[in-house]
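Each of the two complexes below includes chain A, the first together with chain B, the second together with chain C.
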Partner chain A sequence: MTDMTRFSPLSRLSRDDKPIAIAAMFILVILIAGTCYTLVRFGNAPLLTPAYLIQQLQIGSFLGIIAAGMMLVILISQIDLSVPWTLAAGAMTATAVGGEWALPAALGVGLFVGLLNGFGVAYLRIPSMIFTLGVNAVMRGLMVAQTGGFAPQTAATDLMRYIAAERTFGVPHAIFVWLAISIGMVILLRKTTFGRAIYAIGNKEAAAYLSGVATRRVTILAFVMCSVAASLSGVLLAGYATKAYQGMGDAYVLPAIAAVVIGGTNILGGRGRYLGTVVGVILIVLLNSVLSIMEMPEAGRQIIYGLVIISMLLVYGRGEKVAS
Partner chain B sequence: MSATKSSDLGLRLRQNMGFAIAVVLFAVVYFLYQLSHPKGFSSQVFVQNSNEVFSLAMLAMAQTVPVLMGGLDLSVGAVMTLVDCLASHVLEGSGWSIFGGIVLCLLTGAAAGLVNGCVVVFGRIQPIIATLATGAIYMGLALFLRPIPGGKINEDINWAMTNSLADFAETVGIFDDGKAPWFQTIAGFPTSLVFLIVVASVIWIPFRRSVTGRTVYAIGSAEGAAFMSGLNIERGKLAAFTLAGIFAGIGGIFMAIQTSSGNADIPMAGAYTLSSIASVVIGGTSLLGGTGGAIGSIFGTLILKVISFNFRIFDIAPLLQPLFEGLVLLGAVSLGALSILRVKNQLELFR
Partner chain C sequence: MTHPADDAFLSLTGISKRYGGVHALNNVDFHCGRGKVHAVLGENGAGKSTLIKIISGVVRPDQGTMMLDGQMVNFQSPSAANAAGIVCIFQELSLMPDLTVSDNISIASPPRKFGLIDAKAQRMRAEELLASIGCEDVNPLMRVRDLPLSRRQMVEIAKALGKSPKILILDEATSALTSSDVEKVYAMLARLKAEGVAILYISHRMHEIEALADNASVFRNGRHIETFAKGTRNNDEIVQLMIGREISAHFPPKPALKRPKPLLEIENLSWENRLDHVSLSVGRGEIVGLGGLDGQGQKELLLSLFGVLKRVEGDVKLDGVKQNLTSPRVAKSAGGGIALVPEDRKTEGLMLPMSIAENLVLASLDELSAGSLVDETKVSAAVADAIERLKIKIGSPEDAVSTLSGGNQQKVVIAKWLMTKPDVILLNDPTRGIDVGTKQEIYRLLRELADEGAAILFYSTDYDELIGSCDRVAIMYDGRIISELEGDAINEKYIVSASLNIAGQKSNGGAHVGH
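== the complex of A and B ==
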């Protein structure tokens, strides 16, 4: 048994790389299965065309930006449930303000929500699960009161449409935004003190504090980045759909958490690579897309979605038998 | 002797501060509500309030058990919806077929909870992410059972469960059809509230006092220490999730009876799950595990619900309701955070 595992190619990978390799292989499995289905059913293979893959990346970029922010918060063993209405608030603010101040105003909303979340978690020491849940309800109330519960009549600005939907050399600009944020995340997590501090806090907050890490400041900054990412994603989504609408962020928070975890980041914090989050996002987006090509009813989609998360985690996400 | 007794009482009060605050807060908001109700206090209003509270109260109790263990169950809303959809298929008949249907629903809830427990215990996946995934599966099963809202519930059981005790006795045919003289003093009491009290005292209180129940609390306080003390950790965790499934199942049965239909509504299930977490926290249970209890969570639900009742009375725009609910939740948890002002050593803040 030990010999088997020693010679299998997966065992040569480090603990953080194994989930990424397995998730990447699973993406190939999804693509192959989907292609077999379309070949048999329609006699063509649209899944392997660049146009299809680029479109999936464009859809994935909205989720990917949220997941990047969510990963920072999960790495410090917190969670941000205020993402749905931070996203919607960003989108609604951007379309309501309009003009050249649309983008700064939306990011300002994200900054404010992030500071509030960070304050509650870092200074009041309220569990992030419940504090961000409350902030989400407050943001929802504010937005519903502001818009009267109807879809806002204001439209996305030209700039928002430009960065979300228009293309250069056939590649949508949203993918460039995701790429830029991804490069920033890798540099942030690997090369900066802030990145080291994030992992340190996630592993043992008391030890990080005693080592001189400004744990409160890092926590607040992580929450600010998560909320700003959510509001930016809201701006992009509004640009893509040309308008903001009620509940536009509700479908994003759980997939974002799932993407981060499927990518090998420990839900308890302190472990995980950013590349894994990108792979996790692509996996979820492709899975959704292939299931809808197969005309799978919502019921079957939910079940497959749950089974995929559980089976991926059973392969590499298992924890200790007894938590110490 | 009396001195030790009074200090004993003081200690118990300090240990259950969150619970005590929840009870007092509920008393205040419900008193205000009844005071300002245009029709004044009546059995009818009481029954209506109780019916609106029941399902969420069950879900809050369900959420309490994994939270006490230091975990979280994000699938309670999905389990409730699954049982709701199942009940809309099996509670149509009469007599023994209804009894069988209710047993089947309870078993389904328990099985869903047990599966959660198995994934957590044997799969060793963190409860929050494990139940996120199983919740999607249960939601899918619910959608298979009820792709579109519908179904039917026996009308007698709907009438008996969602009205006062007098109507219950009349439908079931006990106590001279509810006209026995001694029965009149409690005849106006809501049936659903009685069932809530029965479930709490027949299931929760014995569980809390059992070794397994104590184990759940011990796991939440210090899992390693509980393991070293020879407690059966695996059994405690399995029991905690199974009990959560049973409570969520009871909530689902009542929801089907109340609405006379099954509805696999994904956003509604999510909203119920989140409200259950809020109820647990407002009811004085720590999200870190080890302290609190299901009775407190019932009061947490009552507070959340009575606040929304007050919205109708004071004629506040329903659009503002989520804003106030959020502010109440933030206010409640921030009040609980005041204890950090007493912390003398920074290191005590890190758990």
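== the complex of A and C ==
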């Protein structure tokens, strides 16, 4: 066991803040390493320009919105694996409906999927890992069936493009959406009875139930928020890419979970700060970008990406043992 | 080779252990010999648990040495201590609920045949071990989850015996046992003693210590206070050594109360085959005890009153108004409010990693919020009030509740419910495994709450507690209330005979006997 009396600056941080500090330091490491590479290779430092950083935040906002919802579900010791096709369904519904009903229709799809997931987990007591995986497959089937017979409209509406891709004062609107959701998340988790209930359920559902917490309602609400966030992110992504397509959400579920966990949220629920999730999202987006600037082949990128996640968790895990 | 003057089998010298700034153990010397039962006494937080953890290899001391049979030892893990013959039965049960009894008993080293687990040998081994402690009634193929707490504890003891201990440590291992089980455990300990096993015995039940221990060591605030031989100290002296202050009466006096108008009325409550037409009433200002052997439906009765059980038949009335209790959330706000202090504080009462403040306010958040926003000023005032009222010993309300001692954790559970200002307070064995001082504070608190007008229904496995603190005691047997005792009839003799359903004392509870 590790010596208890050893002191480092990190050990003074609370156990929830430590992962956030470590992840933030790692972001700096990525930026420095990437800059060294570009300086040597190309003789310039594009990574440190505002334009590059803002672009990364814009890309990050799509993942960030998904991760915000995912964090709620993880905090109550559940998981939502239906995110990929909820996202795609949101995007495809939005483009298919078009016009001013595009956004409400997409969010409606998210609401429906969230209610379904929440009902399955809270009332039918089916483990969320299985239930949401099943829902993901059903959604996929529905979307393929919908697009199989005829080709519906897949182009993004002007509003979708405006929210996702256009800028005000040089800042993409998607970042404002992420910011608004982030402020909402901080208030929700810190200041509301709902937030308290989320942490209580994640720590010990039985004790929360016996304390008179409406555990089912909170569980359903968490799943609804997660699915609505995924469908909103789908709408934004379609706006950014100017169209919706099948499989557009497949690349998001694991990074979203990874961002939440890298930010220090306990994968078993009950603990974690929202700021950590934001830091985790930025870390993942930057890592991806820097690896692609380095022209790392896909195989190598995947290996490094996986190793980073595992090693970050190892670092947190060790800290945890010393603390207990 | 000559032995040192004392022939201690296990000998600890100068042991210290700190957690953060707290000295859990401070320069402690401790010795115990073969074939002796050595009681370790002290309030919660006195350092008993840390001592046990050090001996059994769960934690390592910061300073000091440990000798076993004349050899210096330094256990790196519990399994190393096990291998040296030190076996511990912990207060927190170490059984896997979804495995069978026999799987659990042989979990560390199952009997093998051709390298594979020999299920038959394993079952026979379990049967033998259970029989050796008089538990032939436990089927080794049952899942542990399906056993009542008292049976689980006996399985835990059988599991420990299976490791053929040289030093056996019982940490509150009898706290959930019924009286007949305790007898069986006594017999087993006597047998082990004769075989030369050293036994360390931790219990808050003084009469057990009196009956069993050859020697006793008292700890207080992480220090070893005194070790003495059986019979050299009387109970009052021992209690005083433990708490370091005088204690007055053990129980607050009962008011001479005529039966008040009922507040909580239970009529013909039945649930599956565990509750059978239970009728009982509790008035304002009354403390009614639930007694009987463990697992006779007391827990189910409390849970059904709190809306936890589904498809309960019969009526529950508060102030004459029929209630439809479908969940704890409903029960919490039914009538003037119902509260339940659950059986197991670690899994049902508390979120251990969360802060004391967060745990305290969980049940009363709705009252401490404006809309859905939590009012932080109200919250911190309410938290400060609760800590003050129950005299909970804490560093900061932001500390994790897991850092508190067992007694203080239980106070947090009780405080959490008092913050909802309930009219009806249900308690499920609230003093199990907590120290004498805290127990008395809880008795006093219950009496105060009753005096303030609460109706209290209180299940306890401890007869002394029922006798000392209850105005009436209802004894349950096989899902029925078979007897209600009042006044002088609340004594050990009547409680025991009613618990065993031995006829011959007045009964006015369930009139229907038999099926």
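Definition applied: the second predicted complex is superposed on the first by the 304 of 324 C-alpha atoms of A that agree within 3 Å, B and C clash if a C-alpha of one lies under 4 Å from a C-alpha of the other, contacts with A are read in each partner's own complex, and residues count from 1 in each chain.
Everything that follows uses one rule, which is that contacts are C-beta pairs under 8 Å (C-beta built on N, C-alpha and C of every residue); 3 or more make two chains touch, one makes a residue touch a chain.
Just so we're clear, the structure is a prediction, and the values are computed from it rather than from any experiment.
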{"item": "Touched partner set for A:Ala206, first chain B, second chain C, both or neither", "value": "both"}
{"item": "Which superposed partner A:Lys191 touches (first chain B, second chain C, both, neither)", "value": "second"}
{"item": "Touching partner for A:Glu295 - first (chain B), second (chain C), both, neither", "value": "neither"}
{"item": "Touched partner set for A:Ile130, first chain B, second chain C, both or neither", "value": "first"}
{"item": "First, second, both or neither for A:Ala214, with chain B first and chain C second", "value": "second"}
{"item": "Superposed model, chain A: greater residue contact from chain B or chain C", "value": "B"}
{"item": "Touching partner for A:Val261 - first (chain B), second (chain C), both, neither", "value": "first"}
{"item": "Partner chain(s) touched by A:Glu100 [first = chain B, second = chain C, both, neither]", "value": "neither"}
{"item": "Touched partner set for A:Gly270, first chain B, second chain C, both or neither", "value": "second"}
{"item": "Set of chain A residues, in rising order, touched by both chain B and chain C", "value": "206, 209-210"}
{"item": "Complex contact set, residues of chain A against chain C", "value": "1, 4, 191-197, 199-200, 203-204, 206-214, 270-271"}
{"item": "Residues of chain B defined as touching chain A within the complex", "value": "70, 72, 119, 123-126, 128-130, 132-137, 139-144, 147, 223-224, 227, 233, 266-267, 270, 274, 277-278, 281, 287-288, 317, 319-327, 329-330, 333-334, 336-337, 340, 346-347, 349-350"}
{"item": "Complex contacts: residues of chain C adjacent to chain A", "value": "18, 60, 306, 308, 327-329, 331-333, 340, 342, 347-354, 358, 361-363, 365-366, 369, 372-374, 416, 420"}
{"item": "Touching residues (chain side chain A, partner chain B) in the complex", "value": "79, 81, 120, 124-127, 129-131, 133-142, 144-145, 148-149, 205-206, 209-210, 247, 250, 254, 257-258, 261, 267-268, 297-307, 309-310, 313-314, 317-324"}
